[in-house]
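Note that the chains are named A, B, C, D and E in the order they appear, and that numbering of residues resets to 1 at the start of each chain.
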């Protein structure tokens, strides 16, 4: 029996959530759709393919203060950042949620990143399964599905008279307390999504074609901006630097990307990945080889944002099929 | 328009590659969405059929010449892109004898995105007064005589706002900027080895991706393009958060026209306005 | 803004003319408001737009750049180049929301001590009237 | 971790009177990297400098901030101080707490806050200073003196007698300047020609001096020790090598023209020497008025009456020295030092409508009177009224014509007029005992040695009547000039029937002194007098190293001061040229090869062509700085978008840290 | 009174006309000769209907605001008419020009506006009759050139000073009247006291000073060979003309020197008879001299 929550019920529920927690939901910003804290329910957008930027920003913000210092009579005390704000992210797509869950690997392995950990347990994710996947989506090809509720706390699936509700974790259940749900016997259909991406065995293939000239040819048109890394839900690289203002020192962590020049520049000025081909190869090797070797799943959830946002159309699906082709030839 | 141009480009590319005049031809090919164009690098005469030209060929391919220094290369350029050639030649970044220019008379590019294509001309093509390439070794299409000079309605509209509104407007843009530097990477005028924004010492712009730092980044990037921007508008197209960078560039373009009567990229040897001066010019400051 | 929210004015003075003019204002005891903080640069042509934008980014209320009168520059052409740079920068800043009046350029020679004091007083009063920066 | 020492100065009460110095010292102690802070009554004194040296040693300081007066005053002093204590002299920064703070602000709290900010900025800047080492640069041991008046002559003679080569450039056909137009000189009543002519001859004959008369400086490039000067030698049309100066030509030349030397009172010929004792004593041909030149010009246009072909001088010249084909020529020479002694010109009194605006011939300027009184003058020393050549009995002098008068834009006092008017009164009485002189004056200024006594002599012995008041109007009444004035001491209007009125015209900078100053990159004030480096402490130096100024070109000055000034400038030049090499200022630009993209915007903006092209090992063409040409203006640093070029002493890091410490305080 | 037609048609040279009290009184001959000359030259003078005293009397030394408010009334009328204002009398001209100069200061303007109860707008151009008639572009149909007549032009003080207010060509040595009279055939002598004070201001309390100053003026003019003195101001004319008898008594001056308005001389040159020009109204009779020069 699937439980149903009517549209108005959902809105009032979101309204109640907003009272004691910060509600983040997809919102129109100019002609973009971005996850953004909302002040009223009518700002929330319900029918959209996916946001332009991924929700990772609410777990791994673009700029974050790791700790600040307090100094009295020349001894210095480090004050770590404490996050006490409870947040609820509404309308997160299964692929994004899976991306967030995937990053628990690198971030929560010993020594765990305290900020990520605090964000993770202070945030509840209300997933919204995809009814009609976009042309750039290929989550089913990389081990997920438009209705995959494995990484969310609550999964909502749009049905005729409202949303089917499935509480996945007790955090989800706690959030659902006091919300009356109607019983209904409507069966949820599983929408289909592009399954043509030959991601099977890509890890081995990448290992085989590591030295192929394909990478430098591919990188010819790459202009090495950081768009793909910053829109991607599973890219998690960062840079750290100290900043002083009015006597207070804070250690700042911000997004960084392997495509930036100087990302791998080492003391003395040498840069092992100076040429364009090796930098581009690093991106796809990390996603399709290094991450799976270390944490299991491919570090790509098939959201297709990099495909849409890349100024010169470097399409990861095309690359995977090219690599499989190359791999087969190499044998 | 597409079919004829495409064939001419393919034939010329084949000829150049076969007689070894160039090592590589940089042109356009259809993207993975089967709808929009993307840059293409053809090294082998057999692959010339990948080349195509239609009204989604927006990218300014001149930027790629910076990676081909010293290697003879052919490049397909539209009217606006061609001005970038003069810019890079006057700043000694490329050598004219190493570049074979296939100049295409451009009827204008439509609004497009990945897997999205409308028939509506991009707003920059409405402003455009440079459909015919200023430099070309092989011309494709009939030259178009230009109408009266462009007026800067968007800039004027912005100028009518109060200072506070303008400040708020640009602060909102700065709020959204994620410092992905796509605007810099797409711009033919940006070829510094270490950009000022990434310098640690002096740390002109702090590391934080925050409104203050972003505001400074956008201001100085625009200033560094003052008198150099050839308004190909790639920066605005590639911006993932749609910041109206053309507003900034066109404001400076208008000021440079008013103050110094100079238009970027129109000739190879005219010195850029900010590295020369006239003794008795009156620029309306401190007189 | 300093504590009593009177405006913070940052002055870039060229060593050969305006800084000497400011010295002259000192030797002839020409009083002016203490809001300005003066930085010495070899020439108005050395004042980098990056520095000026940094001042405004960090919340300064006003910037004054003072150099030699055109033709008098110790390095012959410094102020000519400076004039072009600041003319363009001032329009860009105005477009970005920093009122044109907040960025002032003056040519002040070594013997114009009184004029330096007058310019600084006028500029500070103008900024006090204009009030604090509303955005950013 | 560097250890910065901050030394705050009281400067007696100049700073301490307004700025709370102890508070500044306390604030300095709390600033980052400051290891030691102290205050001194007079930091520039021996005691003050000693305290700095001791602190450097005891506290092992590696950078010093002196918060005192303007760096333009004592930056070099304190650089020497820290150098003697073993610290690189450029690890020093001066915070200006006097001229820019205590002297211009009265609110002690705000002044102290500003002082602390200035110290904070200096500390932030000095923290980024690096040790700099001046370079030795070659030096041309030759001096150029511009202007052949008494000052220029004195300077040239002194430099030459110290064994250095001198080129003396004089615009007129002869040296001598204004002094050669004078009759007698106060206060000793020496005959001007008697004391000047020997020096003129010395200049012409001195083995080390090359005299370029009838020449002008067109352009100056380079810098101290290595100036390159373009000198325009105007066409004389006479070959001075073969000409013996016998005078046949200028005696026989038929064309008579008003003589500029005699200020319009006398005449000269088209081929002429300006005055008898001219040096060089060889003529030049006035191209405007020479009949043959008019004839040549006429042949091209064929309009109007055909002038005579003349060429009498060519026919009569015993040594065939007339050279019609001579062209003006620009010679470029190298010099180590330049002395500007371009002198003065007298004020053009025709702007005074009330004195007749130059319409009345018997209203003359004091310099014209000098010509009348001079034995070599148009009237051979007999003072005659220009209108009817009769002897004037009542002579009225009017002081401060074109001086101390805001209406004509000359508020300054020309210093010498009271003295030469007294001289005129004395000499005129000597010439003709029946003469009665009247002098309308505001204040008699006779401030030199024996000056006051000399001025009294004009009144007591020569019977000159000094009337304190201004003349309101002069008008011609038949043969005499009615002078309407006022004697403010008795409060009554005065009317004098004068036979001759002499206007004591003031001193002005000479013709286009401003253009020459711009060529030499030295500053000049609104009256075009040249501005010296410091009115009290460096009177003959200028802002530009190696360029010295002397004489009336700097301001109104009498002959004794001009000669002293000339010698002073010469002493400075001799000091400079006596060194074998010059230490250049290390504050020059420097390129970071890894960052330069080779766009050469720096080369386009550099006024001194100090940017050269250099190829790196990996084939990139990048910029490099010729440090002997670079003057450290910093234009290239701002033009360089990637920040590849920086300016030592004012690096991007230093200026940015000054701004950041200020805005984030 | 000469009727001036008030036709609405605005000719090429049409001026509002401000005669002032003297020209309606003792200086009637200046008024008549001016009107006649203007008619002959095709210049239309439209007298302002309600002009008031210009404040040149003792007013401007006793009450500064009054001395500005009075001319302000006239300026307001001229402004409403919209025509440039021609002013023959030097005193009125000086007061009007001084007022225009003073109301450039905002506070003074407000004071004057409140005094006259009207808002003064942009003032019309105010020209003295001398400046207007001496304009080179006016063609002078001379029928009887003043050959042989040597004239000493006398400007007095108000036409010449202060230069930045009255706009005379040269405050020390003006040539406006000389250029005009030379065009009429006369010979203008060069003499030094054209703009020196004649003492008229202190005529009542200190007549001795007036005689001394005026005598100095006239004797220099005579010595410089003048047959007569041309003036453009009723006060100069009255003062120089009236006391010549006393001067002869006090200083033994040989002969009298006639003092004539420059408009009367212009009238003669343009063919009017001395009678029409009221040349017989002067105390120092100019007619013997003019007959001797065959000009009358």
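Basically, a contact is a pair of C-beta atoms (placed from the backbone, for glycine too) under 8 Å apart; a residue touches a chain by one contact, two chains touch by 3 or more.
The structure presented is a predicted model; accordingly, all values stated were derived computationally and were not measured.
> Along the shortest chain of touching chains, how many steps lie between chain A and chain C?
Step count on the best path from chain A to chain C: 2.
> How short can a path of touching chains from chain A to chain D be, counted in steps?
Contact-graph shortest path, chain A to chain D, evaluates to 1.
> If you tally contacting C-beta pairs, which comes out ahead, A-B or B-D? Let me know.
If we tally the contacting C-beta pairs, A-B comes out ahead.
> Averaging each chain's C-alpha atoms to get its centre, pick out the one most distant from chain B.
E
> Determine the chain that sits nearest the middle of the structure, using the mean of its CA atoms as its centre.
C
> Using C-alpha centres only, name the chain that sits farthest from chain D.
Checked the centroid distances; the maximum from chain D is A.
> What is the distance in Å between the mean C-alpha positions of chain B and chain E?
One centre to the other, that is 74 Å.
> How many Å are there between the centre of chain A and the centre of chain E, using C-alpha atoms for each centre?
Chain centroid spacing, chain A to chain E, equals 95 Å.
> Calculate how many whole Å lie between the centre of chain D and the centre of chain E, each centre taken as the average of the chain's C-alpha atoms.
52
> Can you check how far apart chain C and chain D are, centre to centre, with Cα atoms defining each centre and the answer in Å?
Computed from C-alpha means, the inter-chain centre distance equals 30 Å.
> Could you list which residues of chain D touch at least two other chains?
Within chain D, the residues that touch at least two other chains are 594, 605, 639, 652, 656, 664.
> Hey, what residues on chain C touch two or more of the other chains?
Residues 49-50, 54, 58, 71, 77, 81, 85 of chain C each touch two or more of the other chains.
> Determine which chains touch and list them pairwise.
Final set of chain pairs in contact is A-B, A-D, B-C, B-D, C-D, D-E.
> Spell out the residues on chain C that touch chain B in their complex, using ranges where they run on.
Residues 49-50, 53-54, 57-58, 70-71, 77, 80-81, 83-99, 104-107, 133-136 of chain C touch chain B in their complex.
> What part of chain B is in contact with chain D in the complex they form?
So the residues of chain B touching chain D come out as 70, 91-93, 191-196, 199, 201-204, 224, 271-272, 274-276.
> Where on chain A is chain D touching in the complex?
It is residues 244-246, 269 of chain A that touch chain D.
> Report the residues of chain D in contact with chain A in the complex, numbered from low to high.
Interface residues on chain D, with respect to chain A: 594, 664-665.
> So in the complex, the part of chain B that touches chain C is made up of which residues?
Residues 155, 158-159, 163-171, 196, 204, 211-213, 215-216, 219-220, 222-223, 226-227, 248, 251-252, 255-256, 259-260, 273-275, 277, 279, 281, 283-286.
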